[in-house]
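For reference, chains read A, B, C and D in written order, and residue numbers begin at 1 within each chain.
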């Protein structure tokens, strides 16, 4: 016997990148969504199930360069998994056609166009829709996401960083100037592309920090934490490249404004996230590992306080392609469409 | 809306090994089965969702050493993911209690007790049930599996090897004496255990062959291919250890008894597997890769003929934990219980 | 033509662990040392070149359990690559026999026996020799190493951390209380042993923090930095386990006491290490990567200052088996014996 | 004290690829050679020790696009580590200038220009020098290499395959038509380049066969084995891509023409290679692993006979960058220049 609830039709633009592929992988077993259109940068006529053979028997769709008309015709909601600066060329067209849009790129995450231009090196071309875009982090914005037409799906690093800091920042427990986020990401975070620096033997058996202070995810983290703190927060953020496919682990250092024990801070976090289906705060003595969240939409959080030094270390783990991208996008779809938030996971 | 079909209760004995964990991971989202009991070698009282944190919200069960009474009381069907030679101590008890059993160990795969003793170094202790056990490869034994009480789930290497040879062997296309199977497996195939030789830095950045000619999966392959060929087949089999978690790729060399082209042999294979939900034969020019089958129950097959030399090379890929173990076990459950064969995948 | 300088005879006790193996690998091509004795935990009579086949043609020695008498008889200098708490049972015997000793364990690194007992859970058994042991970090202690009889070879994490902080700490540029060391190590750092948690499939495709605040290398870092700062320094240190064989990358966050630019701080570091053969400070814009130091005795350092926030991030990379263990031990031997410090590298 | 033997000056053209880098890494500690010139595809003026920071203190050379004049002026012997079809544009110029040349590309390996054109898709442009090129496998051609002006350094797969078959093929022990070579190579074998298919996350956690029957190394293997057998040999060869950096393991299946035991065949092999400094044949029961040969110039060989089936499986392991490329090239230089054959290793 099969479930009989009505399904919506969804399009995935950019289905052949890592995030697009993961969108398809998650959506193909979603009880309330049917993938009705996919596009990808392919120079030949090819079916999506030929590109990703594990889709055989589950999906049967041509995968061609993006056609706005066809996507509009065939679907109710569009996932845009396009490169930064490309997405904003298409979003207005889909919104004008009355479709709901979840944009997985960075184009609608930053409220301030000047900051966008500073970090992405091009002027923003869609200020109108930028204003009404909703930042798609359900743990902070669930109510707004419910009625949103355009959701800006958060970046992978910001998701792991913000969720690790939110309870303490909201309640004023941390010195804002003391926040250091040491983040480590698997290689799919860099996208599927021909790039010598991402070649197997360049990354394998190695590890490095990159873009010290300058990563375009920094203003996104600052924006959301400042909103939560109701004052300006400016974090120190250092990303690293891990020799593995999927996962981000963020080790976050904060100075404490108030005396609190490990158990006390864990209680604050557990209470804060008590109703969240995808955030889990570990008990004392336990810490997250990437293998526990890979291929899931979970964000796992563990922490420890050094009371003598009045500081805490908070560790969060996510799958960069799931809670850090495609999984969170599907969670947002679930919220926008009134489905169970855990549908498809 | 949720599906409302009645679910059966299933037990997973040995849930903390890699195969047991995968059984739980697959079953936890199965529409027709509810995990009602798990056991594992834990020296503390612990919940399964604490051992595997990604199960949170989906499963809430104590994981203790195996209690036959409790497993019998709580479940309709038992998956036994226990070490070889241990399984046969429990199978009779579950069968006597009227339960269906899917044994993932090697204890009921070999029809001939003497061969079992030769390769597993202990006498078989349950000759009675061995006689009625059904070898659980759906592609050859589907009808018998439907009514089986005890299914001997195939080994990982045999699954990849047999599926790659079956169509040609059945139709007498191959010289039986010419078969060479060069198989490469990920490390989860060796089980989750403390073993210096399986330590990360021993395996990582290395590769080796092992157990030349002597692997206990050889008699299993010979038994099933001989049955298919209706004459004795004795393969040459060399396993290797790949520095990755999941997957087996088997490269199989055969001499051809009849003149046939690549396209011709592919047609034979595609026809043979046309109705199989989990076997896919690639078109000319394409070959399987482990990444295309990892985390799926598929067996992908590609091949090429050298007509001048009258030989073929057949390449098969499976996930050793899915089609090679847990996935196939769930497929067997689906068949035994009259569910859709693809349920849960 | 071969070099004709006289060679000393050296023993390697514990030659079958990762560090012991690396000692042998480096020493076997050393122009001034001849390996004259090796021991290892082997339950059979075996030659070292059978355990490590790449030594064939270069070394021909039995590898048996440690015999103090034989090691004393055959060698002038002893490398002890034994587990913590075991080393101090042997060191007195070798010193009493008039041999020079380089102890690669942690037994003689901490000046304060109470701290040793707190972190290693056993009382120190050799207080007498502990007093005269020299901490073997050539960049701080070269003169003392020259005349030392017992060198305590530094820990792997401390080497990467101390070298990254030393110039700034010595010159009072950093707020001592602000130091956060986020260190990531390859798996050989945990030693060669049967341990389920270090199994390939547990570590591969994963990443985790461990021993928050409590790692026994913390007091070692504090001790050496306090000595350099001439006041108490107590760092925040979080180690992580990288899915690769060799290498440690440490990302170090410090608040600056004085206004200084990236270029200015790099100049301080480059001047400080100008004469060091194994420390390299990168120019502005460049950062170290593990692959650039693997299989070498180098410590590479890169850094960047955020002037507005008055902080710096310093990144160091070493090979945990070379500059973090065996390589540094050979460097110490070179210093103790009056050889070229770079001999053997 | 330093060695005082006179050193020759050598050039490495193409020093920034994986093989070129390994040439530099090996040569920089060679007692009889001094690297006097390097070239590489760099669009900026850069020193080789900035590209490969571990060379600091050991080498100080500009790395620019190849200038024949400068290479000729500065060096006595040239290593050409250029792409196939590019090498033959330069070789005549260096030979005409009176320099010895070791060509690491495939351009001078195949005696028959028509076969070259068939597999490399361009006509050969230097038939004159092709005739006098010596195939640089010391184990078969040492005498000719001694006086060669142009050495064609063997391919990586051919080295592992030929060394595994040579003793049996030469002595007529194997059925030539029965040879199947199942070879598995690390990723550096594909060269350092921007290629989506070689991206980390495409290769990591995966494994595949490629170029069934068609690999351009097939005619090279056939040519050399035919010469050894004194009759035509045409092997079946299937290469695979291993998710690791360095190493090739070849599993070779042969039918035996004569009755011989495992011990007997091992004796044949051990006798054949008794004087070879870089080939090691294992005793009964032992098999090579990639980790035992990585970063060495060794070829390790293990084998086992199935007497009942009259066949043998031979396993060989090499480092594709050393014995499979740069190491063998240096071994060839040692032979050409009258140095100790093991110098530099």
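The rule we apply is simple: a residue touches a chain if its C-beta (ideal position, glycine included) is under 8 Å from a C-beta of that chain, and two chains touch if they have at least 3 such contacts.
Note that the coordinates shown come from a computational prediction; the quantities given were computed from them, not determined experimentally.
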* For the pairs B-D and A-B, output the one whose chains share more C-beta pairs in contact. => B-D
* Among the chains, which one keeps its Cα centre farthest from the Cα centre of chain B? -> C
* To do: Let me have the rounded angstrom distance from the C-alpha centre of chain B over to the C-alpha centre of chain C, please.
  => 46
* To do: Could you please state the distance in Å, as a whole number, between where the Cα atoms of chain B are centred and where those of chain D are centred?
  => 40
* Asked: Between chain A and chain B, what is the gap in Å from one C-alpha centre to the other?
  -> 36
* Which chain B residues reach two or more other chains? -> 202, 204-205, 243-245, 288
* Asked: In the complex formed with chain C, which residues of chain D make contact?
  -> 1-5, 52-54, 56-57, 205, 277, 280, 282, 288, 292-293, 295-296, 298, 300, 342
* Asked: Which residues of chain D touch chain B in their complex?
  -> 177, 180, 182, 184, 202, 204-210, 212-213, 234, 236, 238, 240, 242-247, 249, 251, 253, 287-291, 294, 304, 306, 309, 311, 313, 315
* Residues of chain A defined as touching chain D within the complex -> 18, 186-188, 192-196, 198-205, 243-245
